[in-house]
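You will see two complexes here that share chain A, one where it goes with chain B and one where it goes with chain C.
Showing the complex of A and B:
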């Protein structure tokens, strides 16, 4: 029996799961605080814009978004499978293409973003 | 909880309890109750399909579902078939679905169930007769993962024992607690949907030996564990770990195996000269 090539999709999924666990709750909290008018010091628009436009910020933002998208796509694929949707190749293709397209859009946007 | 002294009535005994009656003949004056069971029956010689049968038996309140089944067999219906042996959650024989949940019948306390208790054979396995299922698929998979020590280096007996530090033991100890009761297979939706999946207990036992400092058989086990039917069929639902009566955590074993198999894959495919040892 041949060994599976699933690590190709599973490794970024596992990395994305870790990223989601650490970053997404913080981002949700900060966004909620900002929406309620309580922007923590140092996290105002200007400083975050400067971070996003910097050569350090761009790869970090790309990594967080791309890995989160990939992880969510893979999780959704597994969920579909568990719920009995057995057209796995089709489900996987649609979800992974969506994740890759989202990642590509983020990359294009970040590359075109001038430093603040 | 320590048993009450004979002849005394504890606060728990004195508390009113629906349907319970005092049994003065028993030590501690423990109570009895009428237990209603709905048991799935199937006789391959006469039945075309399985059907439920109701029983009512009087059992001690502190008893377990297995006691109720034994009472049925002893006093109501001697034709009822089920497996059991130790009555203490060690042998792993009496696994069955109790109110839809995989449980050891000897570990399912009557006090936790109200009303009619539905008892069915272990899910995802073919029924042989009544509550007896055929474990052949699990046994065959267990053999395939080589769940035994394959020594890293063989040495003569006079060279002494293979020593291990407590830390080395702790790496695999919990995974060696499996009693092969197959509750994790009955709980695993993935095994139900994809019967070729090697499954939680067999893979966890493979992991147990892979993690053993004396063992050198991981490469052989990976031939089964690292395939699509091995760890990669698992989607980390985690039900296996929830139902395990021996407190093994098969879900964690499979996740650790996925990480190790992924590292193997990178070494084999992305590192020039890597052979994925």
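Showing the complex of A and C:
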């Protein structure tokens, strides 16, 4: 039977693409408001820290950030190739390792925030 | 150079100028740069939040300024363009067959747009914006 590692790359890519499509625009809008000096109440330290400390918030934050990172890494890999950077193995290794490292860091930060 | 006369050489760095369709494809590809950069910002944000109140409030202050606003506007356009093209593609990626008939494609994409609006509204409501 032919074996391929492609599903391992593709499943989080597709899941991440869906997560990015549904949630990243509205999250960008929230931080854009903060950039304009109108910090939304939900981005205040107390409410966001309480959300990150909760057992509901942790998997949501981790899922959104980790899947978005992986999907972006995969898309950037394709973008590099399409713009003529054909060292695909190197590009893929750098981007996927960066996405995994970022996900690991987010997990560590989240575990460092117990419920207040 | 290929010896095979049936294989035409295609430039690896400028092939996408050959057809408007390729340019549309590449314009969508470019959105991944801004979305990827924004994802890095999200990792930094979680780190700042974990570092405590002072660090978080400093992060929110550091977000202000014209360069940050310009980056956010570009990221917003990129994210919305990615979302719209992603939802438009859903009808091709997962066609839904009911009995002998296929559900019309715009129903599948339309359902995604409705879900997108509801979820975005929900996040804005929970964040206290609306």
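Side notes on the structure shown:
Here, the second predicted complex is superposed on the first by the 100 of 116 C-alpha atoms of A that agree within 3 Å, B and C clash if a C-alpha of one lies under 4 Å from a C-alpha of the other, contacts with A are read in each partner's own complex, and residues count from 1 in each chain.
By our rule, contacts are C-beta pairs under 8 Å (C-beta built on N, C-alpha and C of every residue); 3 or more make two chains touch, one makes a residue touch a chain.
It should be emphasised that the depicted structure is a prediction, and the values quoted were computed from it without experimental measurement.
In the superposition on chain A, A:21 makes contact with chain C only, not with chain B. In the superposition on chain A, A:36 contacts chain C only, with no contact to chain B. Residue contacts after overlaying the shared chain place A:82 against chain B and chain C alike. Comparing chain B with chain C, the partner in contact with more residues of chain A is C. Once the two complexes are overlaid on the shared chain, A:96 sits clear of chain B and of chain C alike. After overlaying the two complexes on the shared chain, residue contacts for A:48 are found with chain C alone; chain B is out of touch. Residue contacts after overlaying the shared chain place A:4 against chain B, while chain C stays out of touching range. Once the two complexes are overlaid on chain A, the chain A residues touched by chain B in the first and by chain C in the second are 78-79, 82, 84. Those residues of chain A lying in contact with chain B across their complex are 1-8, 10-11, 14, 78-79, 81-82, 84. Chain contact summary for the complex, chain A toward chain C: residues 17-18, 20-37, 39-43, 45, 47-49, 52, 61, 64-65, 68-69, 72-73, 75-76, 78-79, 82-84, 86, 102, 105-106, 109-110, 112-113. Note for the complex: chain C touches chain A at residues 11-13, 16, 26, 29-30, 32-33, 35-36, 38-43, 45-47, 49-50, 53, 56-57, 60, 63-65, 68-69, 72-73, 75-76, 79-80, 82-83, 86-87, 112, 115-116, 119-120, 123-124, 126-129.
Partner chain A is touched in their complex by these residues of chain B: 189-190, 193, 222-224, 226-230, 232, 235-237, 258-259, 261-262, 264-266.
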